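Two complexes, one shared chain (chain A), two partners (chain B, chain C).
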Partner chain A sequence: MNPSSINTILLFVLLINMFILGSNRIITAIKAVAIQGVILAFLAFFFKETTDSDAFLFIIIIAVKGFIIPYLLIKVTKMADINQEMTPLIGYVPTMFIDALSVFLSFFVASKLPLLPAHQETIIVPVFFATLMSGMLLIISRQKAITQVVGYLIMENGVFILSSMLTGSVTLLAEIGVLLDVLAGVFIMGIMLNHIATTFEKGDAVKLTSLRE
Partner chain B sequence: MTVAFLCTVCVATVLGVIFITKENKTRAYAIFALALGHLLLTLCLLNLNIVHIDALSKFILIIISTLYLGITFHGISYFSICQSQNNNKYVALSLVIFLVFATLMIVADELISMWIFLETASLACAPLIYYNKNKASIEATWKYLFLCSIGIILALVGMLFISYSAIMAGASDTSLSFENILANGKSFNSTWLKISFVFIFIGFATKTGLFPLHSWKADAYGEEPGIFGALMAGGMTSLSWLALIRLMQIMNASKESALMQNVLVFFGVASMLFASIGMLNQSDIKRVLAYSSIEHMGIISLGFGVGGVGIFGALFHIFNNALLKGAIFIAVGNIKRAFGEKTLYFVSGAIGKIPISGTILFITFLAIVGTPPFGSFFSIFSILKGTLNYSNGLLFFMIMGLIFAFIGISKTILSATRGKPKDIQTGYKDTLGMYLVPLVLLLITLFVGINMPNIMQNLLNEASLLIKG
Partner chain C sequence: MQDIIYLIFGTLFFFMLSIVNLGIIIKVKAFFGGRYGVPIFQKMYDILKLWQKSIKLSQTTSWVFFAGPLLATIVPVFCFLFLPFVAFPSILSFDGDFLLFVYMFGLLRFFTTSSALDTGSSFEGMGSARELTFSFLVEPIMFVCFIILAKGTSSLSLEDFFGYNILDAWSDYSTVFGIVVVCFFVIMLAENSRIPFDDPATHLELTMTHEVMVLDHSGPLLASILVGSAMKLTLFAILIVDLAIPFKTGILPLDTTIGIFAVLGMGVVVGITESVMARLRLTDIKKILMGTLIISLFGIILISR
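Moving on to the complex of A and B:
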């Protein structure tokens, strides 16, 4: 357990959340989420003694989150010719402000929760909550369907923070299974994005409103 | 080991057939063969002690196996008569994936592996919703994919919190196997358990389609073909109820059941009332059925919430709901083919136009609203009795919900089935293959209503004892 390195990594994660909410190009956001996933993969090495299975998981995470998922999403963006602009429903500055508030709220909530002494020295629980909320914020504040996928990936990264904190209770197979499920989900979403973009104009989620009461 | 090996060989053969053949009909036969194999596997698992599964898993396994067999049998005529042009390779693949992962999810004995299998099974449903490939089905699929993915991520967070509550309590074994949690849950940290309950409940309630989290349901059920609607409204919901039942078991074992009961009762009543209001102003038959599904999820949730005899009723209602929703979605699919549309503007007098499917639709509607002597009457009645023991005020809300829902669904189904048929020629005729399955499913619920077999009674009693803890 190495609190200062863990905190450094987690601060990077928070900054990347902020960066994605402030960026106005879709490919930049996809790349930033990939970098966030790769940075988080290092987290496991600071929690406990490294074993062979950790190294194996590390390689799989880097491959899936760092290469396969961003490759798929960037390919969809280009194939479907989705416009690069994020088209926010809530402006960039207000979203960043809301995100800052949610970070504040996460720290407040985490201070009220019972935590182990070992986890109190790190900012792992508040950063987990903040990342979950940033993902949701991105989903609700941007118009295009592809940014919703990016938000989903941010949320998944948040869950990864939590699962790396719980050493011993989540087995290697479970970690890989979750990762593969996310990959399968993103793959199907990518196919759907392609169909959305060809049927509707430029992958616009706001147009998905004909089914209503 | 031998069983696992045999299953793998069967699934691989079916997948091979699906990929190699160019005929829609051959694929439909292959899935039907798989369903027969699954029935055999279910019988093995029930009688021989190969894998240790409890009464709840057995119960849900029977439901899934029966319903899947019916749907794939209907699929033979569906794919060869109605959809002979539309390539069904990916749909057949999804159906196989759904069955494999649903079975794995039912026998899973650990929380996270259960989550993984449920998520895969529900991802496999996305191509089914997308089957018609038009604007509306894209929208419905996207809504389904997205809401369920986000919901289920929250469920995963909740599961990890259970593990943290074990760590906080200083437990030596922090793995998430049911055995461990049910045995040691009493000593877990209660704050984290409550937080985890909220997260897991939101996650799986999205999948079940309880009131505030239901918005994908009407679109998905409304846009997909009736045969797949039957699989989702009957099968998928039973799977997510199994996940919620596991959560209930955990909360009961760790003495946190008060919070859980209140939440279940609240969401149950809210779903019933909301869904019955939603039904009133609908002209699309399939959307009305989707709201009826939300309402029945509410009834089941209420049954589990009030406890006592309500739990027995709720479990029994999961069974009835699965079979009746399977029957009615397939019947409505037939009606839609006969009229070419599924809104009341085009559909009326179905009994006159296609007598057998129309009559089946009408009788299934009677069974769904809880007419004796169908099984659904007895399950709803048990839940009413449980509610009466719980509180009188709640009983009022439940009866209001039932009455409103009756008005809502009968308005649509009566005007669809009775009256003078519109003069629309689509060339569709009822054949045995098209109406046999809903008829059989209906007869099964009638049979369990009149004379429930002892085996089923024992299984239900055993299962409700497991939930009470």
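Moving on to the complex of A and C:
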């Protein structure tokens, strides 16, 4: 248990959230989420004595979050010929400000929660809330369907932060299950995006409301 | 008597350090450009040359036109008195002097922009507006950083911020202090109009920010502005070095040598940044400064919980 290094990693996670909300290119955002996932994979080493299963999980997480998912998403972006621009519904600077407010809010909420003393030293719980809210904010405030996948991945990273706090024998199985779900989700979303792109132009999520049976 | 000698030598040392620092930035940029570059003391020769020229004045100018260049030289020297240099304590110090430190730059900015507006040129008005927009975003960042330092070292003067308990503060709040170093670096680039924010070498009025404000200054007035901008850059470099090198060996000459090389190292870092980065668009500058402000606010949350 090393609070200072855990806090440093989590701070980087917060900064990457902010970076994604402020960036205006889709591929940059995808790469940033991949880096966020890889950084979070290191979190497991700071909590307890590392075992073989931890190393196994570490390799799987880096492979899936760092390479397979970004590869799939970038490939989809290029195949469906999606425009690189983010097309925000709320501007970049206002989004960053809302995110900053949500960070303040999550620190406030976390200070009111009855946490264990060991968990109060680190900023795991507030960063979990903040990352969840950043993901939701990205889903709400950007128009294209592919940015919603990115937002979903950010939220998954948030859930990973919380699950890494509750260390135990369940973590390996649960986390691999979640990773499989995420991978399947991204896969399905990729196929869907491709079909959307052939039906509508540019994968615009707003136009999905005009679908009829 | 000893204080006066200390003051004079401190100021002279600061002046020489700033000239060399600026020379090193120009050398590094020339190296990246594949050129040999001008001598390190070239700024000194420029200033001496400008000092011998006469002043050309517009008919619309008043005394305000002279106040800008005058304060451009005085303010950095005055602020240097409050800042300790590695092992040397600061020459002046009182509780809350960091407020004076921040707002002396506010005063300087007011008079620089006023003297630019005083010429009656429309380009200078545009430059002043941009300068004020950026600095109004920079000021809160600087303020927040100083508040973090005040909380981390539990003291209220610049001398104590970088004094005996900075090492303990670093070990307690290493993450937050790392944020402050990054923020100070952004402030240094933005306040001194270096490349990602503004190009000091550009001579197209539409893209200039800081340089456009000094277009109408000539001769000794321009010389004092050049001296002032070199000193301001070095002042921020010293601020970063004081924070980033918290440990002291206890041997005064060794500490001072490390400090001088660290300040010149900041010059190298600035030179590399300028060489590898392109100038940002005006709207992107706003975004970057907002982001830095938000990061520094994270620092406050982390340190106060």
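Just so it is clear, the second predicted complex is superposed on the first by the 208 of 213 C-alpha atoms of A that agree within 3 Å, B and C clash if a C-alpha of one lies under 4 Å from a C-alpha of the other, contacts with A are read in each partner's own complex, and residues count from 1 in each chain.
Note that a residue touches a chain if its C-beta (ideal position, glycine included) is under 8 Å from a C-beta of that chain, and two chains touch if they have at least 3 such contacts.
Computed from a predicted model, the values in this text were never measured in an experiment.
Under the clash rule set out above, the superposition-derived model of chain A with chain B and chain C shows the two partners fitting side by side. In the superposition on chain A, A:V159 makes contact with chain B only, while chain C stays out of contact range. By the touch criterion defined above, A:L116 lies against chain B but remains apart from chain C after alignment on the C-alpha atoms of chain A.
Legend: residue contacts after superposition of the two complexes on their common chain; A:I124 is shown touching neither chain B nor chain C. Vectors from the Cα centre of chain A to those of chain B and chain C enclose 160° in the overlay, to the nearest 10. By the touch criterion defined above, A:A34 reaches neither chain B nor chain C. Look at A:I146: by the touch rule set out above, it reaches neither chain B nor chain C. Within the superposed three-chain arrangement, the count of touched residues of chain A is higher for B, of the candidates chain B and chain C. In the superposed pair of complexes, A:M18 makes contact with chain C only, with no contact to chain B. Judged by the touch definition given at the top, the superposed model places A:A80 against neither chain B nor chain C. Measuring only between alpha carbons, the smallest separation of chain B from chain C in this overlay is 21 Å.
Judged by the document's definition of touching, no chain A residue lies at the interface with chain B and also at the interface with chain C. Interface residues of chain B, counted against chain A in their complex, comprise 110, 112-113, 115-116, 119-120, 123, 126-127, 130, 133, 135-136, 138-143, 145-146, 149-150, 153, 156-157, 160, 163-164, 166-168, 174-176, 189, 191-192, 195, 218-219, 222-223, 278, 281. Residues of chain A that touch chain B in their complex: 113-116, 132, 136, 139, 145, 148, 152, 155-156, 158-159, 162-163, 165-166, 168-171, 173-174, 177-178, 181, 184-185, 188-189, 192, 195-196, 199-200, 205, 208-211, 213. Chain contact summary for the complex, chain A toward chain C: residues 4, 7-8, 11, 14-15, 18-19, 22, 92-93, 96-97, 99-100, 103-104, 107, 111, 123. Residues 174-175, 178-179, 286-287, 290-291, 294-295, 297-298, 301-302, 305 of chain C touch chain A in their complex.
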